[in-house]
Amino acid sequence: MRIDVLDHGFVELVDHMGDDTSVVRAARICHASQPGDEERDRQLIEFLMKNRHETPFEHVTFTFHIKCPIFVARQWMRHRIASYNELSGRYSEYEDEFYVPGKDRLDEKSIEKIEKTYRLAYETYQELIASGVRREIARMVLPVALYTQFVWTVNARSLMNFLSLRADSHAQWEMQQYALAVAQIFKSICPKSYEAFVRYTYRGDLLKG
Amino acid sequence: MRIDVLDHGFVELVDHMGDDTSVVRAARICHASQPGDEERDRQLIEFLMKNRHETPFEHVTFTFHIKCPIFVARQWMRHRIASYNELSGRYSEYEDEFYVPGKDRLDEKSIEKIEKTYRLAYETYQELIASGVRREIARMVLPVALYTQFVWTVNARSLMNFLSLRADSHAQWEMQQYALAVAQIFKSICPKSYEAFVRYTYRGDLLKG
Amino acid sequence: MRIDVLDHGFVELVDHMGDDTSVVRAARICHASQPGDEERDRQLIEFLMKNRHETPFEHVTFTFHIKCPIFVARQWMRHRIASYNELSGRYSEYEDEFYVPGKDRLDEKSIEKIEKTYRLAYETYQELIASGVRREIARMVLPVALYTQFVWTVNARSLMNFLSLRADSHAQWEMQQYALAVAQIFKSICPKSYEAFVRYTYRGDLLKG
Amino acid sequence: MRIDVLDHGFVELVDHMGDDTSVVRAARICHASQPGDEERDRQLIEFLMKNRHETPFEHVTFTFHIKCPIFVARQWMRHRIASYNELSGRYSEYEDEFYVPGKDRLDEKSIEKIEKTYRLAYETYQELIASGVRREIARMVLPVALYTQFVWTVNARSLMNFLSLRADSHAQWEMQQYALAVAQIFKSICPKSYEAFVRYTYRGDLLKG
């Protein structure tokens, strides 16, 4: 499952462990209770969410492949309860891919200026490498709109916290687009948890209504 | 996959996400390198282990169901980079199951004394509950040899750290038995990582040779 | 600063780093803004709390010395974003100290039964040690009401999360008493943060009104 | 205590909690042992380090104010067991400060090219802002050599892990300079821990003899 985001980016679900039933199983061991039917599982998940019993949601994990601009990755990686492996500009050469806001978001003259600056920066980057400068030095001129890629492994509890903060109109618009894609994938794997989350503990606004 | 441990305990693999190839995939994105064959994957994993590039191992996760004495669970839960949901003595009544060391580990007279103490404690527990005392109060008399159960979700990096400390002759013997069971399951899911781990970064002694 | 809790326990503040001004300093760097007066600091702290900007509260840290029953310590140590060093029953012999509920909480007959069980368990413990059984085996008979001690280092953000869950009438009564002591000490060091916390983000009930 | 690093950066110790004696105190509680003299404290710290008993070092905490290029901050913030508050390019305007490698590290022609690219990027940034583009969009053109600032709170254990990886010749040279400054400050506050760390557990090479 892969969702395109912005002009060159995406959010792709690479792997996952468990779903709503993993949450239920973890919660049941606490109370030594027996497996229930669909409806009782839903009620248990709602009870957990309402009463902030958040640990059972840690037993569902996701691995995503993300492609996004560096300034988005910088905000993303502030979420510390997760695992990251990112493309390294020390070991590989960056491709010529930079985020350019759409014409619905910015006037044409500004877009032209931005594109020109990207072009010059990337030319300088290539000239420096061609003249023997190390990649780790040459990349210093590249703007934070440059696209990077990373693998993100996160559990459902931490993912929900990410959504509370990033699927929200206070987050930067570009970040919101990624958060909405993550929300959509989370919803498809854990529909009961997603529904209860949005109803009871989600603190943002974009997923409401 | 379930391994019996001690007189009433076990370690059971309930679910897992990924294996050696997940480690390789996460490492490859850092260097923008291409998928390799079996042998090159093994070499990459060895390289990571030798050079302490430990983050790619965080993208493999495991969920275990554990049954063990409370004194073992207390040592276990000091490992903070993991998720736990434990049977609660506030919400459910404990069964009459306590760890008794085997005759190869303790003389018969000591075993008798221990069993007698367990018996009396459990009788008191039941009498208190019968007379209307709340479970959370009644359980105070129960010894730390009482069996408890919990769900443990952990990534491969944190699991290897657990093995370094607990699959080691400095750990308590009872704890060692659990760590050996965890090691066996880890080995069956991630054979290349296990082999490289024991060779290059494992700091304990029981898994050597 | 030390507060006695239950019959033999206590919460003692051993050391701390920073206070309300550390929160303000960390928040100001985000906005490149200048130091304010007392009143503007209070407003900034209220703004952070109200809008769930919780990271600035991580720059205040506390080290406590805690003495409590094992069943309380077990609940406490489930809070993973903190540091713990606990007295080890493998390396030192436990003293004869067990938590006994007060007469306002339990009828006299139950108390007698409980005390008798403790006495017998401790006698068995001593006999086993006297006969050469290792401390780590002998302690298995000791009940979870036994007093233990530990050092707890925690930042203000994690401490507030602890209070939301433990200074609450859903927590076990004995745990509540410890949480109330922690709250009192936190309030004395960070009065502005404490006030804003209770008003805006605290999810428990005992610190209200 | 403040150490200048690179052309515009620095590492400044803003606050700290505890020192070598805090480590000793936390370790002593585990063994219920008594305070020792200077020499026995040193031996205890060496014992802990040699045997990888790392938790007692978590009870010492430091708050630093850091100023460094974004590409250095990106590597820094991958260290997740720590707290960060960074200057936000969404809420404040960046100053015209970019890292330029010294003439001992790069030929003059490359330096000129780099400086020209910085200048053009910053001009575009200012033009965009002047024409009403939001700061969060305008900053996209700024290169990763731009200086940022952040508050970093970290405990001694996590700080030592940072030094193992970053005070090492495999780290980028610019990162190394920051790590060396952090090492110097750590050494001044916790001389015994520093000495034992470099001798027994440090995995890098720059701090050795």
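All chains are identified by letter, namely A, B, C and D, in their written order; residue positions are counted from 1 within each chain.
In this section, contacts are C-beta pairs under 8 Å (C-beta built on N, C-alpha and C of every residue); 3 or more make two chains touch, one makes a residue touch a chain.
Heads up on the chains, UniProt names are A, B, C, D = Flavin-dependent thymidylate synthase.
All values reported here derive from a predicted model rather than from experimental measurement.
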| item | value |
| --- | --- |
| Numbering shared by both copies at the subunit D-subunit A contact, with half separating same from different | same |
| Most distant chain from subunit C, judged by the mean position of its C-alpha atoms | A |
| Where subunit A and subunit D are represented by their mean Cα positions, the distance between them in whole Å | 26 |
| For subunit A paired with subunit C, centre-to-centre distance based on mean C-alpha positions, whole Å | 35 |
| Subunit C and subunit D: spacing of chain centres that average the CA atoms, whole Å | 31 |
| Per-residue overlap in subunit A, given as positions that touch at least 2 other chains | 84 |
| Residue numbers on subunit C that touch subunit B, as the complex places them | 69-71, 74, 77-78, 80-81, 84, 89-90, 98-99, 101, 105-106, 109-110, 113-114, 116-118, 120-121, 124, 127-128, 131, 133, 136-137, 139-146, 172 |
| Subunit C - residues contacting subunit D, complex | 14-18, 22, 25-27, 29-33, 55-56, 58-59, 61, 63, 65, 83-88, 91-92, 149-151, 153, 155 |
